[in-house]
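Both of the next two complexes hold subunit A, though its partner changes from subunit B to subunit C.
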Partner chain A sequence: MGAGHAHVLYRESDSPVHRLPPEVKIAAMVAFTVAVVATPREAIWAFGAYALLVAAVAALARVNARWLLVRSTIELPFVLFAFALPFLGAGERVDLLGLSLSADGLYGAWNIIAKGTLGVWASLLLAATTTTRDLIVGLDRLRCPQILTQIATFMLRYLDVLVGEARRMRVARISRGDDPRFLWQLRGFAAGVGALFLRAFERGERVYLAMLSRGYTGRMPAVWQGGGAATTGQWLVAATVPVLAGTVAATAAVLT
Partner chain B sequence: METLAMHISNGIINGPVAAIFAVIALAAMAFCVMRGRQDLDDRLAPMAGLVAAFIFAVQMLNFPIFTAGVSGHLLGGALAAMLVGPWVGALCVAVVLVVQALVFGDGGVAMLGLNITNMAVIGIAAAYLLIALLLRVLPRTTTGLAVTAFVAALVSVVVAALGFVVQYQLGGTTDLGGNLAGLAGTMAVSHLFIGIGEGLITATTVVTVAKVRPDLVYALRALKPAAPASVPAVGGVR
Partner chain C sequence: MIRGVQPTAPSLDVRGVRYAYPDGHLALHGVDLTVARGERVALLGPNGAGKTTLVLHLNGILTATEGSIAVGGLTVGPDRSTLAEIRRRVGIVFQDPDDQLFLPTVAEDVAFGPANLGLRGAELAARVDEALAAVGMSEHRDRAPHHLSFGQRRRVAVATVLAMRPEILVLDEPSSNLDPAARRELAVILRGLPVTLLMVTHDLPYAFELCDRSVILDGGRIVADGPTPEILGDEPLLARHRLELPYPFSPTLPPAPVRE
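The block that comes next holds the complex of A and B.
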């Protein structure tokens, strides 16, 4: 347990993408997403180019397509919202398959699905190739204020504490004759939520005091930092993806 | 636990509006970092982490609103404001949003400014103002505290949801015309129900913590200079 361990989305592997320092990957991913969002929605070919870029990085990171697709179901609610748009949108209507749809709404739906999916893929690739520990090290090296990385470190650490504590309380309830089923276990859970919080806090407080007594000063020790900060070469390698995406976005903006 | 997206994802709001809100969010967060540093002592540091973890967990409880394809979820803003104060609380919510966007693809990275403005700035501000007001007005009993937590949570959820409607009006990528009022209505009504759920969770959690460890509740600590004698009353028998 603890932040040193990988999260559910991490794919253990040793690819060139895994080896890149985290701060480089975070910066590249954010820049890529901004380029995608800035692309005019009429330039449909541009989104194809982005998808190719994502596929190339995924192949390089040895993340298979099936995993990527299954995990993208996370954005399903927004896809539903997107499907509602052609019916709700105002302005010019077009007839498609016998339905009167809003042209603006259709573009809007496309816009949300394309940009949303590409964004989700980009973050999934980051998650698949970076452990949570590295993620925090990366944010720290990107000059993220220490108070934020500190909260993030504890958050990721305590998530396990919280889940473990909830599991223990559930076992305790069951062993005392509770019979939790789908919705009805919510009542038992709601009644115990305050106790869960307190138990998790007291456990977490002990962890924190133990850390303090071992010399914790608000920043993780140098061992955590691992391989050292990114070199210029690594920055350049990682920059290829956002630079290509930026070029596509600029071309699309000029053409439309 | 499978997560579903519920924050604004890429492409829903146009670039310029997202950029403006990113600047607003950044400025607000910078201010919170400055104020939060003074607050974050030995007791608050683990608490902030736990509150963030708790918010992270409750935000996974997601309620789809099928009528408009929008989904809603618990926010945890009032809980954060109550337990760790508005500054650190806003930072906790922001950290949750950043991690969700970076790692889980939940909420577009380019839309982070919008999400942070709604949930970490507007939500927390509404919650904390209400908490500060209600704790002064209501009797200092467990019931008073519970009511405060409930109302603050309910209102903050609805206000944060309406923040999205305002942003959509400013920069929605699709012109909904007259249907915008419908969107506003759907968001408000659905988040009213979510707010009730959130209010109940917030109230039970805060009351339990206040009973056993009143020293951990920031909102009660802040009151102390004004009324040193009456605060322990919330602590009950323990």
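The block that comes next holds the complex of A and C.
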């Protein structure tokens, strides 16, 4: 299922992590992230333990560290604020490399960066080992509301169609001398976005009509969901990571 | 192949259908059309003649203001069970396969119709295999629709309605946007299908190739109905309804032998 998609993050492989059913991986990723977030920020050793866990899973999944690090730059815009904290924070100051920094602010920055990075790593590992299609199947098996999984399915199917339409419209615009290099030349682009929205809207209507014509009654029939759901063994295997992370979090909470 | 149909009832019986859009624009002015079982009919007409409007009436998506439609003896009505059966009997292949194929894989999409009919498991898988085999797309069952060529997508779109084992197959502009080879391949497939066929098209040579009978719809009325060679041979009739044969084509000549 889901073969042949152009996946941005998916890394084709046949590792034990790839073979796990998507729902157990999603559950493990969420549980791991919750454990990380619940860890007190002073327990620096705990975050080292989490990083080791991530490294172990990455090794099992044959995802190399370079890819993981390059891809995790996605979080940079979100944690930029954290770099300002040591300068802006109140409370007692410490001297570091000739700078007077707020201790509280340092902890705050560490907290955001460490937890954010670990969360991004866990998500990247999930995305690297699970196709988008399987992610939706997994969410569906985790009893995610069908309306959400349906929307995701439609997005998966029509994203390429929409991108194709946008590209053709852009080529047609540029062919007629549009050259939107400056902000005040964006009029054509903005009109294009409007036209694209209308097209998407009309397509939605036509898709719905075509679905009705094939007997759609408002609920997607459960077609192939029966087979391939996770076994207890697979749940237990995948549970090792969040259980270890949970133990680390509990220990850290007790110690600090 | 077709169940639950009296052998005498025509596949399609449209009587005096009138339809006005909510804005008051009258799209159909009393359409009468009967298609016998196994017949292949081309529905010709210029843009805006009401062809697509008529097609959407055939499976009850639009409801006629006046008149009645029966498919294989079953009258199109507003209640759910009738509509479900009507939509099984009328298989509409829409013009843009991207509108029809909305699921991530070909097999899932072909399974959508029969699954709505309540089929599951092995029976459903058999239906999907049968429909994909009928259009020669079996080896692509697990691919994503957007990775197929346009011609392949159109063939899968035909399979998605074949999987419901329709009484009548309705094709909206089946040859549009196809390259010549894909157009010919689709013709071969369509000719081999043992179903009643209603083909909406401007592609007159395609109608000539596939349909023995043609009707012209213009201004919301059926204005001509007869054997395809006769209709296509009547140049003034075609001209009155904004239809034209492509330049070298002549329906009176037998097809020239092809040399390769």
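Just so it is clear, the second predicted complex is superposed on the first by the 215 of 256 C-alpha atoms of A that agree within 3 Å, B and C clash if a C-alpha of one lies under 4 Å from a C-alpha of the other, contacts with A are read in each partner's own complex, and residues count from 1 in each chain.
The working rule: contacts are C-beta pairs under 8 Å (C-beta built on N, C-alpha and C of every residue); 3 or more make two chains touch, one makes a residue touch a chain.
This one's a predicted model, so the numbers in the text were calculated from it and none came from an experiment.
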In the overlay, answer first, second, both or neither for which of subunit B and subunit C A:R133 touches.
-> second
Who wins on subunit A residues touched, subunit B or subunit C?
-> B
Using the touch definition from the top, say if A:R157 reaches subunit B (first), subunit C (second), both or neither.
-> both
If you stack the two complexes on chain A, which partner ends up touching A:P145: first (subunit B), second (subunit C), both, or neither?
-> first
Which of the two partners, first being subunit B and second being subunit C, lies in contact with A:S123: first, second, both, or neither?
-> first
Of the two partner chains, subunit B (first) and subunit C (second), which one does A:A210 touch, if any: first, second, both, or neither?
-> second
Footprint intersection on subunit A (subunit B / subunit C) at 153-154, 156-158, 161, 207, 212
Per the touch rule, the subunit B residues reaching subunit A in their complex are 3-6, 9-12, 15, 18, 33, 36-37, 40, 42, 45-50, 52-54, 56-57, 62, 64, 66, 68-71, 88, 91-92, 94-96, 98-99, 101-106, 108-111, 173-179, 182, 200-201, 204-209, 212-213, 216
Give every residue of subunit A touching subunit B within the complex, in rising order.
-> 7, 9, 26, 29-30, 33-34, 36-38, 41, 71-85, 88-91, 102, 104-105, 107-109, 111-116, 118-124, 126-127, 132, 135, 145, 147-148, 150-159, 161-163, 190-191, 193-195, 197-198, 200-201, 204-205, 207-208, 212, 218
Under the touch definition given earlier, write down the residues of subunit A that touch subunit C in their complex.
-> 1-5, 133, 136, 153-154, 156-158, 160-161, 203, 206-207, 209-217, 221-224, 226
Spell out the residues on subunit C that touch subunit A in their complex, using ranges where they run on.
-> 56, 59, 61, 80, 84, 87-88, 90, 92, 94, 96, 98-105, 108, 111-113, 115-117, 121, 124, 142-147, 160-161, 164
